[in-house]
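Presented sequentially are two complexes of subunit A, the first with subunit B as partner and the second with subunit C.
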Partner chain A sequence: MITSLIGLILRAAVVLAGTALITFTLLWNAPGDPAQAIAMARFDALLTQDIINQVREEAGLDAGFWTAFITWVGPLLTLDFGQSSVTGRDVWPDLLTAIGYVTPLAVGGLAIGLALSFSLAIVATRRPGGLLDRFAIAVASLGTAIPAYWLGLLLILLFAVHLAWLPAMGARTPSHIILPALTLGLGVAASLTRIIRSGILEARDQPFLSAIRRRGVSPKDISRDHIAPHAAIPVVTVFGLELAFLLEGVVMVEVIFGRPGLGTFLVNAIEARDFPQVQAVVVLTALIFVTVNLIIDVIYRIIDPRIGGRNA
Partner chain B sequence: MRSVAAIVGALLFLAVAGPLLAPHDPTAINIPGRLSPPTSEYLLGTDILGRDILSRLLYGARWSLGLAFLISLIGLCAGTLIGLLAALGGKLTDWAAMRATDTFLAFPDLVAAVVIAGLLGSGTWSLIFALSVTGWMRYARVARGIGLSLRTRGYVIQAKLAGLNHWSVARWHYLPWLLPTLTVVWTGMFARAILGISALGFLGFGVQPPMPEWGTMLLDARIHLRSTPLQMIWPGLAVVISVLVINLAGDILRDTVATEGDHA
Partner chain C sequence: MNLSVSGLSATRSGRTILHPTSLDIAQCEYIALVGASGSGKSTLGHVLIDNLRSRGLRVAHVPQCPEEALDPLRSMRFHWHETERALGFDPGSTDKKTLFTALKIQDGDLQKRPWAWSRGMQQRFVIAMALISAPDLIVLDEPTSALDPIIAAATMDLLGQYRKGHDTAMILITHDLGLAARHASTLIVMHNGRIVEKASTVEVLKHPQTDAAKSLVAHRIWAAMPC
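This part shows the complex of A and B:
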């Protein structure tokens, strides 16, 4: 257990180092002169070559790739994201504001998604192969084919334009979160339902269940002690996938609904070629993602002792 | 199997022949006739610049379906190669290939594609690059997994003993076993590429206007949501139907592969 834990942590570290290297390679090869971009952002007009060169030197951009990489990665290790190259302000406070907006959206979307998919899966598995089951699968399949940006536009059209029940654009009032969270939640539900459904079915199919049943254990105890843990495994796996889905979802959803947040922050930063802001989002996302997957791997080994040993 | 080939064939036909079926020039601007409702001349109406929406949809198939096909094919080749390298190569190769796979999987792929396409500058080439570079990992894992399980088969060992080099072993003894499963993975990645292209287009990082691509058409439609709400229906519907149809093909294929696997 301890050695496999250390192995997992080392692997996570390698992955993070790889992400940093890829990100820097990308920044290094991005078109346009980053020194000029920074200089333009800071000094606006009256750019002379001297100023550009000075900026280049300050940012360590004239050294070779590896030297520049080391200079670049150093502050990131302490999560020091520096200043925006456009506004010159510290990246952290703006990033925290964005996180403050994105958290309720992600939590709301996940809650809606989990509630919907679990109820749908439970109803569906009551009679596998029945009408309700096939209906649930069809709805879920349709849902996974609908991109978030189209679903969002449809919801805006229906609830904001046509019925005028809910506000669509911005984040001024609490009710502004309903449509974005619903868009996100419906997407989450569509991607989860089939997985939870097969998790429940598979758990119910375990051969040892009939042995336990014959021993006279009550169905309630069987559900709690034997079916639930088995059904939990795919759900835990899915949390890693869900996190990815949520992160992708918020980018699209925030853009559709003109909502401030991490996605808008990222898209604006890319458009302004504000490298410090872009890399802050990238590093933070990778860190969250790798940490969550590490935790999932550990939980896996706890709820299912069969996992471990040589796994890829 | 035949139905799958028919579905994929129909989509590719649309990508190639779509422009030929278009009744109008998709970029021809006609301000007096703008925002026209569906008429017999403009079956789906016109957009804010008076361009024929049906023609734009048909031309858009070239980008949305054609590029998705290309991108999923690049991923298939690159991923299979990396997976086979991991399975056939030594321990170090395997380790390096799998950590590279982990690294690329360590990031939500659409977000990664947005960052890559955005930083490299908007345009078709960076779109292809961004979606290909984030779309090979699943193939690599599958190819490696099957490859590892084949390593101890009798005929593979015999082929190696007979002096066949790595490439011949991979070509004749691994690839035929890999292809059915990889094709199933490929359908999923084809659908993902369609969604990815239109997502990047919608964010403004993909195919650039005035080129009609379904995602960029949605971006246009979003701006005029209030004045012409119907405009956003068509490109979205095109994406949803394509993805549904491909997923359906994938499901059929998966069942076929599973049954054939039982007999093998």
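This part shows the complex of A and C:
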């Protein structure tokens, strides 16, 4: 267990280092002159070559690739994301504000998604192939097919425009979060429902269940102690992918609902070619993703230690 | 206690795999259920267990292989406690040491999951679970196919002793006519989902009446037979 945990952490570290290097390389080699873009964002006026050169020097863009990379990565190890090359302010406080907006949205979306998908899947698997089961599959398929931007607009149309129950744009009050979280949650629920449903059905087919039943164990105990752990394995697997979907969805949903947050922060940073900000978002996202997948790998090994034995 | 059941039958995907069957089992009787593969032996065992259980009788079951008896995600201790609870005991209150020593699995680590044990040890653990409380009937479905010959013989002897000590009837489902002849007093021959012959072991081996029984007896390859 300890050895495989160390292996997992090393793997996570390699992924993070790779992400940092690739992000930096891509941005460094992006077409166009970043110094010019930064100068435009800063001064918003007629630019002379002198000003552009001065900006280039200040932003460290005149250094070689490796020098610049090391200058960036060194402080990053202590979670110091450096300063914005446009405003010159520290990246971290602005990023923290964005995280403050995005966290309740992501958590809310995930909670709605989990609650919906678990209840749908449990209702559906009461009678596989029955009317409720087909209904649940249909809803889930429809949910997977509908893109978030369309669903978001529909929800705005219904709840904000026609019924006028909920606000659509911005993030001023807590109720502003309901529609975006719902958009996000419905997307999560659609894909998770199918996985949970098939996980439960597959778990019910395990060969040892009838022997356990014949030992006199009650159906309730069998569901809790034997079916649930077996059904959990595929669900835990998909959960990691679901998080990627969530991080991606959050950016889109923020734009649709005009919310400030990580998406807005990222889009603005890209437009202004503010490399430190873009890099900070990418690295932070990768950190979250890698950490969650690390936790998932550990949960896996707790549910079924054979998984660790095969991989180690 | 004499056990009597009637009207046992089973169909799978519209096909009858067990025709209506009645069975009387005397107290402490040792019956071997023999027949070719697909003759409905295991199915008869399953419906018999379900029927007797639904009537509130205590029936223990040892499936063909440990994969059909143990959840790979749960520890041996969990299985043991679960079975104790299902039988109405407090977890940990039954005497597992004597059983484990008799079955030579006292060194097995109960914290481990089934797959960390050898298949033979798993199978003996399943047999131990069947013996926790004195059941009215134990149905053993090819109980020794996962065991090596020496352990298999010792296990079968232990089960025989247990039966006498506890007045438990036993049904041994097997292809192994030699095993059946050595332990069972009554032989039931099955063919195509029906009981075609039921008589004392010696009688069937000496004078098989039906084609199914004749071919089973004719194809025996075991040297040591009581006849």
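By our rule, the second predicted complex is superposed on the first by the 279 of 312 C-alpha atoms of A that agree within 3 Å, B and C clash if a C-alpha of one lies under 4 Å from a C-alpha of the other, contacts with A are read in each partner's own complex, and residues count from 1 in each chain.
Assume contacts are C-beta pairs under 8 Å (C-beta built on N, C-alpha and C of every residue); 3 or more make two chains touch, one makes a residue touch a chain.
Computed from a prediction, not measured in an experiment: that's the story for all the values here.
Room for both subunit B and subunit C is found when the two structures are superposed via subunit A, with no clash between them. In the superposition on chain A, contact of A:217 is made with subunit C only, not with subunit B.
Once chain A of one complex is fitted onto chain A of the other, the partner contacts of A:27 are limited to subunit B, with no touch recorded for subunit C.
In the superposition on chain A, contact is made by A:161 with subunit B only, not with subunit C. In the superposition on chain A, A:94 makes contact with neither subunit B nor subunit C. An angle of 90 degrees, to the nearest 10, separates subunit B from subunit C at the C-alpha centre of subunit A in the overlay. Contact with neither subunit B nor subunit C is seen for A:202 once the two complexes are overlaid on the shared chain.
In the superposed model, A:225 makes contact with subunit C only, not with subunit B. Subunit B and subunit C never share a C-alpha pair closer than 20 Å once the two structures are laid over each other.
Across the complex, subunit A is touched by residues 98-100, 102-104, 106-111, 114-116, 118-121, 141, 144-145, 191, 195, 198-199, 202-205, 215, 218, 221-222, 225-226, 229, 232, 236, 239-240, 243-244, 247 of subunit B. Within the complex, the subunit A residues that touch subunit B are 11, 14-16, 18-19, 22, 26-27, 29-32, 141-142, 144-147, 149-150, 153-154, 156-157, 161-162, 243-245, 247-248, 251-252, 255-256, 266-267, 270-271, 273, 278, 282, 285-286, 289-290, 293, 312. Contact residues of subunit A toward subunit C in the complex are 206-208, 210-212, 214-218, 221, 225-226, 229-230, 303-306. Those residues of subunit C whose C-beta lies close enough to touch subunit A in the complex are 46, 49-50, 53, 59-61, 63, 67-74, 78, 82-83, 85-87, 113, 115, 129.
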